[in-house]
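In structure tokens below, several structures.
Next come two complexes, and both contain chain A; in the first it sits with chain B, in the second with chain C.
Right, the complex of A and B next:
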């Protein structure tokens, strides 16, 4: 009954159960944090706007991104992945989401930032629908925990538009 | 000899009724593990509800040896989601983030482009030759939960099969010799 194997097994089972329980509690505690993130994005310049040789529109632009995501950090947060995507509709596609810029925020201190940057990923349409196109810029964040459930949310900012002519 | 001697003695003392009980117990353990796995497949809607991260392409978010819990629903794929996908001609599924999504107006089909957070370039180079987008059928699930380190167990067992056999042998011996 009280052999070495039996005791080792009991100890291991208890340790794993306790650890799993603590992980679950840590993840659950994320639900009680108070979140009030804010963001503001401006288009500073359209650097380039043209139709590629195979017919797709491509834009290069400079963005001014200001955001405060400090309230998303909890003790169970490993990092926050933040990205800005252009989102728009075209006759062919009901939704186009094109990521323009992203960053990994490892600590709370860096979660309040302002950056002026041209798009990191190419902004290419599937087709040539971008002239005069109105689109949303959405700041998405993805909170990656030390353990447990991941969660994501976004702030949609509308009212941006592209020029009527290539340049 | 102590423990080993006792073990040998207890194997010798097994009677046929006891042996049957042990075999049934072992069978119950194996089948309940199988039931749990299949039930998870039903609940999560994906053929592999848990995956082990094998590469560092999503560091520092996911490191080698971490495990991810997957979920697959009918809901459309959106940019920013971490998806697990299969590429034709590759055995091992890849866990990366969707950075571009184009969804068709009438059919609802999607074109998805992915990238590892820790990689400098997107995944077009990883896809099959001539493939520029992932489609719905490539995607096995999206990651919803995370547990660090646990996957090392399977990584070690896959890379050092000898440890797997020792472990299975030891557990088997334990089940056979245990006398409740």
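Right, the complex of A and C next:
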């Protein structure tokens, strides 16, 4: 600590180490937050349901998505990525996931929302298994903290089904 | 000749310490001050940031603490140099010569006998 350079170096080292501790504490404090997210999705209309010329089923539908993810926001949350996926089983694949809609929620105020929207991304099956198919709509979210580990969770809503015939 | 004089002149050593280097007590004080100030600013930042639920506030408080600590501990302030090393006059060394190593030589004499 005898010279200017040594003191500056020691200060920088100690300050950055302490900063790492502060970030670790901030990340750790997230574990004590109460999380009770809720979501509800309704299918308002099947707009289109057809077999494409090369044989894959395609569905267009209008969704009513209502969710309250405000409890996921803590002081250490940067943003939340949320998406709705249709999940179903086919003889070939035990789990098919098709993303229908997504959004990035940057602030807590926007985390409670309700929108009515037709699917943002096309709902296409790899094949033609969708007639009369029972499927789940799952709301997935990825919480991106300012410091610490990113984590993901989901709410599965079941009991949706597609019509028995193309239209 | 002149170079030799400057090196052994106690006043020039003292001048060197005040200009460029802290004395020993100052170095101990500056290290403790640095650690204490940074830890305090970190604790305050976390507590206030958590209480106000603002990560930004926490970072600003800590950054302020680091800047303050830098201003206090990095420059060589005069109050770190209150305990100058008091060098003995060269004549003192002549009055008290280094103890000679006598054991080895006496042993040699012993073995020769």
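The working rule: the second predicted complex is superposed on the first by the 166 of 167 C-alpha atoms of A that agree within 3 Å, B and C clash if a C-alpha of one lies under 4 Å from a C-alpha of the other, contacts with A are read in each partner's own complex, and residues count from 1 in each chain.
Assume a residue touches a chain if its C-beta (ideal position, glycine included) is under 8 Å from a C-beta of that chain, and two chains touch if they have at least 3 such contacts.
The structure displayed is predicted, hence computed values, not measured ones.
Student: Identify the partner contact of A:29: answer first if only chain B is touched, second if only chain C is, both if each is, neither if none is.
Tutor: second
Student: Per the contact definition in the header, classify A:91: touching chain B only (first), chain C only (second), both, or neither.
Tutor: In the superposition, A:91 contacts chain B only.
Student: Check whether A:21 is in contact with chain B, with chain C, with both or with neither, and answer first, second, both or neither.
Tutor: In the superposition, A:21 contacts chain C only.
Student: Return first, second, both or neither, reflecting whether A:126 touches chain B, chain C, both chains, or no partner chain.
Tutor: Only chain B; A:126 stays clear of chain C.
Student: Could you tell me if A:79 is touching chain B, chain C, both of them or neither one (first, second, both, neither)?
Tutor: A:79 contacts chain B only, not chain C.
Student: Check whether A:104 is in contact with chain B, with chain C, with both or with neither, and answer first, second, both or neither.
Tutor: A:104 sits against chain B, while chain C stays out of touch.
Student: Which of the two partners, first being chain B and second being chain C, lies in contact with A:146: first, second, both, or neither?
Tutor: Both: A:146 reaches chain B and chain C.
Student: Give one of first, second, both or neither to describe whether A:4 is in contact with chain B, with chain C, with both, or with none.
Tutor: both
Student: Can you pull the chain A residues that chain B and chain C both touch?
Tutor: Shared contact residues on chain A (touching chain B in one complex, chain C in the other): 3-4, 146.
Student: Which chain A residues qualify as touching chain B in the complex?
Tutor: On the chain A side, the touching residues are 3-6, 9, 23, 27, 78-79, 81, 83, 85, 91-99, 102, 104, 106, 121, 126, 140, 142, 144-150, 152, 154.
Student: Name, in rising order, each residue of chain B that touches chain A in their complex.
Tutor: Chain B residues touching chain A: 3, 6, 60-62, 76, 78-82, 97, 99-105, 108, 111, 117, 122, 143-148, 174, 178.
Student: Which of the residues in chain C come into contact with chain A in the complex?
Tutor: Spelled out, the residues of chain C in touch with chain A are 20-22, 27, 30-31, 34-35, 38-39, 42, 45-46, 49-50, 53-55, 58, 62, 66, 69-70, 73-76.
Student: Any idea which chain A residues touch chain C in the complex?
Tutor: Counting only chain A, the residues touching chain C are 1-4, 7-8, 10-11, 14-15, 18-19, 21-22, 25-26, 29, 74-76, 146.
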